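In what comes next, chain A is part of two complexes: it sits with chain B in the first one and with chain C in the second one.
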Partner chain A sequence: METLGYLMDGFGVALQPHNLMFALLGAFLGTLIGALPGLGPANGVAILIPLAFSLGLAPETALIMLTSVYAGAMYGGRISSILLNIPGDEPAMMTCLDGYPMAQKGKAAEALAISAIASFIGSLVATVGLILLAPLLAKFALTFGPAEYFALFLLAFATLGGITGKNPIKTVVAACIGLMIATVGIDNTGVQRYTFGVLELFEGVDFIIAIVGLFAISELMFFIEERAGGGKEKMKVNKLTLTWREIREILPSSLRGGVLGFIAGVLPGAGASLGSFIGYTLEKKVVGKKGYFGKGDPRGVAGPEAGNNGASSGALVPMLTLGVPGSGTTAVLLALLISLNITPGPLMFTQNADIVWGVIAALLIGNFLLLILNIPLVGIFVKLLSVPPMFLLPIVTMIAFVGIYSISNTTFDLYFMVAFGVGGYILRKLEIPLVPVILGLLLGPEMEKNLRHAMDISDGDWMILWDSGLAIGLWVFAGLGLILPYIIGPLLRRRMQNPIEEGTPGSD
Partner chain B sequence: MTLKPSLKYVTLLALPLAAAATFSSTAAAFEPEGKVECIAPSDPGGGWDFTCRSVGNVMQELDLVPGNVQTINMAGAGGGVAYAHTVSKRAGDDHLLVAASTATTTRLAQGQFPGLTADQVNWVGALGADYGIIAVADDSEIEDLNDLMDSLKEDPRSVKFAGGSAKGGWDHLKVLIAAQAADVENLPRIAYLSYNNGGEALTQVIGGHVDAFTGDITEAQGFMESGDLRVLAVLSEERLPGDLSDIPTAREQGIDALGPNWRGFYMPADISEEAETYWTDAMDTIYQSEEWKNVMKQNGLMPFHMTAGEFEDFVHNQIDDIEQLSKDIGLIQ
Partner chain C sequence: MTFNDRIFGVLMIVLAVAYGWGATQFPEPFGGAEAVGPDTFPKLLAVVLIISSLYMIVRPDPDHAWPWSRTGIELIIAVVVLILYAMLLQPLGFIISTTLAVGTLCWRMGSRPANAYITGAVSGVVVYFLFSFALDLALPLGLLSFLEVN
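Showing the complex of A and B:
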C-alpha cells in the first residue's frame, strides 16, 4: 500500500533526534498551555509560532512542534477541569462534569490517568482515521475547480456560527473585520487596494503577524490588566491506584468517543467542543441507568476526553487536503503552512510528502509521548499550574517579538503586530470572537480569487457556480450549516450548560 | 529578450580590457572581510531564498567569502521592500548581495516599485535560468503550440491559462510573448488565471478545470514524469539537456518566443570598482565550479550566465521589452 510506504518515510522524518526533541518540547508546552485556564489551543499555537521562526526551524520541524502543541493542549485541558472544576480550554468543559466529582471523592489521580488513557485512545483512533481518509480526500480534491472551491469556502463561512456560537451578530462582525483586513494589498488583477503607497502593505497583511498580534499580544494585555499574578493554591493529588479492570471498563467508551470525535472534527465548523459533547452524551445514552454520570463516573471522563482528542486530529483532515480549516487552531496551523510556502491540497501529499507524513507520524509518536507525560509525570503540570503568570509573561513577550522580527527583519512588522494586539484586546473586551477574524483574513482572498477564476472560465456566466453536482452539494451543506446552528444550537447549548465561566478567545 | 549583436561585440572587445584592469588592480584588491549578507526578498522557502542559500554555500566551499554567508529574508511588495532598502539604506555596502530574478525586472518595468529604477543598483550577474513552458493536461485536445495559437487567433478567450504569478506577472507575460510572436491579435482578451504558486495552477490544469498551464520547467517536472502533463513548448533558444530534450522549443514550431527566468544578484550602488570586480569574478568562479554545476543539476537550473556590463545591459533590455509589452496589452499606461 502506497500510504504505508509514505507513512514509513514519515516515521523516518519524525524519528530524527531533533524532530523528536521538538515533538517532546511541543507536547510539554502544549499540555501546559492546555492546563492553564484561559489559554486555549489556538492561542497556544499562535504564541509558539514565533518560537519556530526565531529558532529558524525547518518547515517539517516547525510543523511537528506545533502539531504536538496542538495535541498536547487537548490533553492538558483536562487537568484543571478535574482538579479545579475550571476547564483549561473549551473542549475540556465536559470533563468537569464527572472529573471534578471524582477528584472530590479523592480519586483525582485516577481521573487524571483515565482521562489520559482515553485521550490517547481517542487520538490514536482519529490519527488512524486521518491516515486512511486524508490521501483519499487529497486525490478527490483534484475534482475541485474554482466553482467548487468557492462553494467550499462559502460552507466554511456558513458554519462559522457553529464554531463560535453564542452571539451570531458578533461572529458576523468578526468575520467582516477579517475580510476587510484581507482586502489590503495588490489584488488578483494587479490593482492596489488600501495600500496608501506604503511598500510594506503591497503584499497585504501577513497572517502570522495578525495572528500573533491578535492572540498572543492581546493575551499579554489581559494578563497585565488583571495583575492577578498570584497563581493557584497548591493542589494535592492522591496516589494512583488504577487496576487493569478499571482501564478495561473505559475502553469501549474511549473508542466510541474517538470515532465520534473524529467525525465531528472532519466536519467544518463542528470542532473539538462538539466532539467532547457528543462523546459525553453518547456515553450517557449507551450506559443508561447503570451509570452514575455527574457523580464521578469514569466513563463520563473517558468519553468526552476521547472525543475532543479525536476531533483535534479529525480537524486536520480538511485543513491538509482542501486548505479549509475545520477549527480555530487548524486555521492558525494553516496560516503557518502558508507562510512556510507550503500549499495545502492534493499536491502537498506528493510534493511535500516528507512534511505531511512526517507530521502525521509525529502525531502518532507525540501521542505516546503525551501518554508518558500525562500519567507518570502529571505531577509536574499540577505544580506548574500554581506558578504565577508573571513569570510566564516576559517569556511570551520575548518570543513573540524575536520571532516576528526574524521572519522579515523589519520593525514595521513589530509595530503592526502591536497594533493588532491592541485591536485584539479591544475586540475581546467587546466579546467579539477572534477566530472568525482569522478565518476571514485567511479565507477571504481565496474565496475572492476562486470567484474571479470561475467568472473568467465561464466568461462571466454565474451559472458555473452551481454547475456540478459537487458544487450543488456544497451549497446545500452551506445552507444547512447556516440554518442548523440557530435551530439546534440553543438546544445543544442548553444541555451543555455548566457552571463554568467562559472567556477563551481561541475556543476550538 | 536576446542581446543585440552589437552589444555582444562590444562586450567581447571590452573583455581583455577588463581582464587587464583586474590584473593591474590586484595590488589594492578587494577582499570581503567579516560578515557577508545575502537578502532574499521573500519568506523562507521561495526561489530567492534558494538562490541566496545555495549560492552562499557554494561561495563558502570555494573560499570566496571569509566566513559564511548569512541569508536574510526580507519579504514584501514582491521584492520591493528589499529593493527600497538596498537603494535607500545600503548604498556603498560592498558586503551585500540581493537575490533577483525575472520577477524583479518585471516589477521594475511595470513601475511596481514606486519611484525606483533599475539603475539605482549594481547588477552583478546571473547564474542560471529556469525556462518557461506552456503545457496542457495529457488528455487535452490541443496537440501542439500552433494548434493552441490557432484557437487563440480565432477566439482569444477559447483557451484559458493558469499560472503561479499575479496578473501581468512573468507567467502571464510568457503567454503573451508567445501569442505575440504567433501574431495573435487582441492580447488583452486572453484569459489568465493567477494562482498562489505554480503547483496550485498545475493542479487545476490536471484536474481539467483550466485549459493550459504557463510556468517554469522545474515546476512541471513532477507531473511530466507521472504522465499527467504534456508540455507543448519550452521557451528556450535550444532544446534543454538530458531527459528534457524531448520537449520541442517554441522556435522550432515557428514561434519565436523566449522566456528565461534567470536567477542572479544585484548589489547596492556606490561600491568601489575593486569590490565590483571582485564580486563579478566571484560570479564567474561560481558558475564554472563543479559545486555549482551540481546545484544546477539537482534543482533543474539551465545554463544561463552573464556578469557585470553584459548583465546590466541584458537587465535593461529585458525591462524595456516588458515595459513595451505591458503597454501593448494595457497593463500599464
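Showing the complex of A and C:
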C-alpha cells in the first residue's frame, strides 16, 4: 500500500501544530463565508488568496488553510437554506426543500445538526474516494501527450457550464475572453503581445486581481442594484434534542448521498448542484411512501447535503490529478497552486507529494474540525447571518482592496481590479458565466504551450490534435458537453425546478 | 426585447477582429518562424469568438433590464467611490480613505450616515492594526503618519 504510506506522510504535514491551527482558522472562516450573504465559496477563497500570500505562508500551509476554507464554505451554505429558505450557494438549493419545513416546525437545531453530520459523512466518503481514485488517475494522466492535454482543456471548457447549463455558446464566449486576456504579455518566444507598451502589462494580467475583481466587486454592484442591503430577519434556534436513533436513521441516506455526490463531482459537467439533486431524488425513490419529503423529512436534508459535500471533494480529483478544475471554487484553488509555482497535474503527485497528500490529509482533518465546530458554534453563525449586507459588503470590498494592494503595493492593480469588477457585472447581466473567463485566464498559457508542443512534434500538421484514440475520445466528450445542454438540458432543468415548487409550501 | 446579446455580440466581433488583426502585426520571433508562432493561438481564438458571437446575434437570449434612473446612479456612485478609494489610498492613508470609502458605501446601501461612517472608521482601524502588528504588513498611514511610532 504505497498510497497509505503517502497518506501517513500527509498526516505528518497536516498535523504540525501551525498547519493544524491554520486548518482550524480556515474551517471557521470557510463556514462564515458560506453562511454570510453575498460571499460565495469561490468569492471567499479568492479574497483570501492574496492575504495568504501576504502572510508569507509556506505553500502547504496556504493550501491547507484554503482547502479548509473550501470545505467549510460547503458547510456554511446550508445554514441560510435551512433557516431562511435562501440557499447560500447553488448546491444548497435542495437542502431548502426539507430543511426549511423542519425549521418551521421548530426543529431548526435538529435540521442544522443533521445537515452537519450528513455533510461530514458525505465529505468523508468522498475524501476516501479521492484517496483511492486520485493516484490511479494521476498515473493514467502521465500517458497524456500535448495533443491529449489540448483536447482535455477543451473538454474542461465545454463541460464547465454543466449539462444543466443554459446557453453553452455563452460559455464559449466567456472562455474566449479569458483566454484572450491570458495572451496579454510577453510570450515564451519573447514577443510582446497586446501590451501597448504599458510596463505593467509586460508580465501579463495577474489572475488573482482578475478573480477578486470579477467576484467581489461585481457582487457588491449586484447588491446595490437589488437594494438588498437591508438584511434578513433574526432567526431563533431551538435547543438541540437529537437522539442516536435519529442519527442512525439518516446514516444510510448520507452514505448514499456521499457516494453519488462524489461521482457527480468527479465527472466533468455534473458538479455539486447535480450531486445534491440526484442525492435528493434518490432518497425520495428509496424511502418511497414511508417518507414525508418536502414536509421536513430529515432524510431529505441528509441526502442532498451529503451529496453536495461529496461533490465538492470529488471536484478536487480532476483539479489535483489533471490540473483541470470543474467548478468555480476549484478554479480558484488552481489559481492558488499556480501562484505558488506548483504545476498542477499528474506530476504533482510525484514532485510535490508532500503537498498533495498534506492537502488530502488536511481535508480529512478539516472535516472533523468542521463537525466539532459546527454543532456547538452554530449559534454564532446564525447570529452572523443577520448582519445586514449593507455593512458586510463594503467591508468585504475593503478587505479585497487590502489583499490586492498588499501583493505589489501599487494602486495600478486596484484600478485594474475595479475595471474587472465592472466588466464582471456587465457579463453577469448578460448571463455570461464568469467561471470560464477565470479558467481561460488560468489555463491559457498551458493550453497554448501544449498546442505548440504538439505542433512541434508533428511539424505543423494539425492532424496530430486528433491522432490518438484518447484524444478523439476527449474531443467527442467536449462536443457532447456543448451539444447535450441543448437536448437534455431543458428537460433536466424542469425536473430540478419541479420538486422545488412542490416542496416548499408557504415559501412565498 | 433582445438587444443586449446582439449588441454584445457585435462588440465582441469588433474585439475579435481587432485582436486577430493585432496578431498579424506581431514581429517574427527571434530565430525564425516556427509551425506555431506567437500569432497562431490568438488567431484561433479570434475565429472562435467571431463564430460564437455570430451565434449570439442570431439566437439572442431575452434581455435583463439595465438599471437606469436612481439605481443606475447609485451604481455609478459606487464605482466612483471605489476608484477614488484606490486613488486616495496612498495620499490620505489607509485609515482615513477606508473610513470615507466604506462609510460612503454603507450609507448608499441604506445605512444611517452616522452608523455607516462609524462602521468605516472601526473597520479601517481594526484592519490597519491587524495588518501592521499581527501580520507585519505596512499599509500607508498618509495624513496620519505623524502618529507613527518608531
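The definition used in the following text is that the second predicted complex is superposed on the first by the 454 of 508 C-alpha atoms of A that agree within 3 Å, B and C clash if a C-alpha of one lies under 4 Å from a C-alpha of the other, contacts with A are read in each partner's own complex, and residues count from 1 in each chain.
By our rule, a contact is a pair of C-beta atoms (placed from the backbone, for glycine too) under 8 Å apart; a residue touches a chain by one contact, two chains touch by 3 or more.
Keep in mind the model is a prediction, meaning the values are calculated, not measured.
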Touched partner set for A:D459, first chain B, second chain C, both or neither: both
Touch count on chain A, higher of chain B and chain C: C
Chain B versus chain C as contact partner of A:F140, first or second or both or neither: neither
A:F368 touches, of chain B and chain C: first, second, both or neither? neither
Partner chain in contact with A:I169 - chain B first, chain C second, else both or neither: second
Touching partner for A:I407 - first (chain B), second (chain C), both, neither: first
Touching partner for A:G190 - first (chain B), second (chain C), both, neither: both
Which superposed partner A:L199 touches (first chain B, second chain C, both, neither): first
Partner chain in contact with A:M180 - chain B first, chain C second, else both or neither: second
Chain B and chain C contact sites that coincide on chain A, given as residue numbers: 189-190, 452, 456, 459
Of chain B, residues touching chain A in the complex: 43-46, 72-78, 80-81, 84, 110, 112-114, 157, 160, 166-168, 191, 193-197, 199-200, 202-204, 206-210, 222, 331
Chain A contact footprint on chain C (complex, rising order): 4-5, 8, 12, 15-16, 19, 22-23, 26-27, 29-31, 34-38, 40-42, 45, 48-49, 52-53, 55-56, 59, 61, 64, 66-67, 71, 74-75, 78-79, 82-83, 85-87, 89-90, 94, 98, 101-102, 105-106, 108-111, 119-120, 123-124, 127, 131, 135, 137, 139
Residues of chain A that touch chain B when the two form their complex: 59, 141-146, 186, 188-190, 197, 199-200, 202-203, 206, 339-343, 345-347, 350-351, 407-410, 449, 452-453, 456-457, 459
Chain C partner contacts - residues on chain A that touch it in the complex: 54-55, 166-167, 169-170, 172-173, 176-177, 179-180, 183, 187, 189-191, 193-194, 217, 220-221, 223-225, 227, 229-230, 388-391, 393-395, 397-399, 401-402, 405-406, 411, 414-415, 418, 421-422, 429-432, 447-448, 451-452, 455-456, 458-460
